[in-house]
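Please go over the structures that come below.
The two complexes that follow have subunit A in common; it is paired with subunit B in the first and with subunit C in the second.
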Partner chain A sequence: MDARFPYLVFACVILLLTALGVVLAKKPVYSAVSLLANSLTLAVIYLMLSAEFVAISQLIIYSGAIVVLFLFVVLLLPQGGSESGHNRGRAVAAVIGAGTMFTALTYALLRGAVGPSSAAAPIVAAKASTVLDIGRSLFGPLLIPFELTTLPMLIAIIGAVTLWRRQEKVSRE
Partner chain B sequence: MIEPFKVATAAGTSAETLVLLTSAILFSIGTLGLLLRRNPMAILMSVELLLNSANLVLVLAAHKHGYVDAQSAALIVLVLGAAEAVIGLALALALFRNRASTDIDEPNEVQG
Partner chain C sequence: MQDLVVPMLRTIAVIAVLMTLMPYMTWFERRVLAAMQVRHGPNRVGWQGLLQPLADGLKLLFKEDLTPSNSDRWLYRLAPAIALFAALASFAVIPFGPTVEIQGTMVPMCIADLDIGVLYLLGVSSLGVYALVLGGWASGSKYSLMGALRAAAQVVSYELILGLALIAVVLTVGDTKLSTIVQQQHDGVWLVFLQPVAFVLYLIAACAETNRAPFDLPEAETELVAGYHTEYSGMRFAMYFIAEYINMLVVSSLAATLFLGGFSGPFWPGPWWLILKLMVFMFLFVWLRATLPRLRYDQLMRLSWNKLLPIGLLNLAVTAVIVVYRSGK
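Moving on, here comes the complex of A and B:
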């Protein structure tokens, strides 16, 4: 038994608790802070799975950029974006939907990954992948998907600026 | 350099099952938030949870099979998640900046 297995269990529990915090917190500020804790814990799990570069990217992109962006928008929204009381029917429907999703996912993942069907899949000895390996893969077999990510990024930048400009025009009139 | 988890052993199998289950629960929590909340911010954060859980499975697969391309795919998902957050937050701000409440069901001027 790997000595670090309890740490992995601990990290997974923290991950799920902070995710519940994101979903159930009444005020968006608390949700955003929970999302920060969630992404930090996820980075720890990535480190345990020997994905150092993804862990650092998670830290910089999620914890550094996206969560800060969320916090800024929470500050700009009216009433801090807090929401009024819950609708009971909606809550029941949401729980049923999430439960169905969980059942289906657990069945598919556990059956597909650790069931008998994966016995034929070759299990390579896990080795730590370096940035060099990831670079070779991003600029090798995954070159076209990698370059295509620039298109959504460009669209997002232009879209955000355009939406804001239109908003400015309306509020000036 | 951190020594990687040993996956081929029995302990590795249980670690793998644990991470897979965590990812499934994380995705379900994200779905719950997506269906439950009416605040655009909370909905966008739930989408981030969904992306994170998908990334977790990708990284686990990369670890298990020693296949670096899955990690690269996780990086691409990370970048697309950033783009999605930018455009989603810009939309939420544009819709709700001049309103009293932030209820996603409320705006009806975008109907066709």
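Moving on, here comes the complex of A and C:
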């Protein structure tokens, strides 16, 4: 067994605990801080799997930008620091959603449906994925899928601006 | 065992040096600032006031540690720790000398010379904003909250500029490893001559990222008392204070590493050159503080999004075109 295995298990336990913290914390601010801890732990796990670039991307994008945004919104909300009551309907929906996801992923893993695709082979083939390897794959064999991911993002941005514009018009009238 | 002990010793040594250097930065700043304002500055404790930082440190250590009743207790305690962690962790990838041989083992003069050094710095320094936001919010006072909001908006805006400046450097060198960047400057010319625009962008963004004058809006004492750390006292305040100065050391040494050839230089061993180059930037920080008045909030935002961002993008595009053109030949 790999010597890193116990550490990996330890990190996974922390990951699970922080994930539970996000869901179960009474104050929204604590949820946001748990989410930060969760994302940092995920980065640590990537590092242990010698995926340095993915770990740093996780750190820069999720910990450094997205969770800051969440925290910002939570802090600005008047009820950000107050305790929110439990919402049973939401909890049930979350359990069903997470359960379905878990079953589907386990099934796919057991069936061997999820694995390195042929297009991603250059990354997996390299022992440690360096920035150079990832760049080569992204701008070589994976170029079209990579560029296509920008499309949903563009749609999201346009959608956000449109929603905001509609609200702006209402408030002006 | 040895592969664990050596990095730990290196880490402890670097933290010790930083923690020793940091108090003397406050002395340096106060003396230089005083000289620029035709005052004396601290000159009573020890020769030329050299023991003043020690006295200040002891004073802070013995101050009462207050927790406002209105505060969120856990986050209030967590925030200064995040600040100090982010500041110290950033220093891990900065190389301060060439690899030396000690009793048969090659010891690199750097805690961890990562392949993704530049990206690591961006990632870890982006954690610093949590200290400001959480600390300011958890204090439960309006001045702190105002400071936290300003800090978050400012740091997030200027991080973009910092990133653009760093990407231009990485494009020019073709590697994100900091030791390679130093080596290439050692063999060729300093990057400040190849990337003057990125250099200026970096300096402005670094100033804003460390919340130094003229970008010290988050802690503007004339309007916000002390911004996000208004309610902090004793060692918790000191942790914010240490983090700010170590952040200055980090951005200065990164500027020296990326643009002024880092530790490379004739005659002296590497670390001395890095410290010398670092002092140049520290002096610049103090000089800026003595010269420029604080920016207004709208000016700050306009400078970042309307002026620096287009310049940074343009610089990046031009650099990319030149790099592709030269590699094609």
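As a convention for this text, the second predicted complex is superposed on the first by the 119 of 173 C-alpha atoms of A that agree within 3 Å, B and C clash if a C-alpha of one lies under 4 Å from a C-alpha of the other, contacts with A are read in each partner's own complex, and residues count from 1 in each chain.
Please note the rule applied: a residue touches a chain if its C-beta (ideal position, glycine included) is under 8 Å from a C-beta of that chain, and two chains touch if they have at least 3 such contacts.
The model shown is predicted, which means the values in this text are computed figures rather than measured ones.
Within the superposed three-chain model, A:75 lies in touch with subunit C and out of touch with subunit B [touch as defined at top]. Contact with subunit C, but none with subunit B, is seen for A:64 once the two complexes are overlaid on the shared chain. Between subunit B and subunit C, it is B that contacts the larger number of residues in subunit A. Shared-chain residue A:166: touches subunit B; no touch with subunit C.
Contacts of A:133 after superposition on the shared chain: subunit B is touched, whereas subunit C is not.
Once the two complexes are overlaid on the shared chain, A:49 sits against subunit B while remaining clear of subunit C. Subunit A residues 52-53, 57, 65, 76, 81 lie at the interface with subunit B in one structure and with subunit C in the other. Remark: subunit A residues 1-2, 4-5, 8-9, 12, 15-16, 19-20, 22-23, 28, 31-32, 35, 38-39, 42, 45-54, 57-58, 61-62, 65-66, 69-70, 73-74, 76-79, 81-84, 86, 90-91, 93-95, 97-99, 101-102, 105-106, 109-110, 113-114, 121-129, 133-134, 136-138, 141-142, 145-146, 149, 152-153, 155-157, 159-160, 163-164, 166-167, 170-171 touch subunit B in the complex. Put simply, subunit A touches subunit C in their complex at residues 29-30, 33, 36, 52-53, 56-57, 59-60, 63-65, 68, 71-72, 75-76, 80-81, 130-131. For subunit C in complex with subunit A, the residues that touch the partner chain are 72, 74-75, 78, 114-116, 119-120, 122-124, 126-127, 129-130, 133-134, 137, 145, 148-149, 152, 156, 159, 176.
Partner subunit A is touched in their complex by these residues of subunit B: 1-2, 4-33, 35-42, 44-46, 48-49, 52, 55-57, 59-60, 62-69, 71-76, 78-87, 89-94, 96-103.
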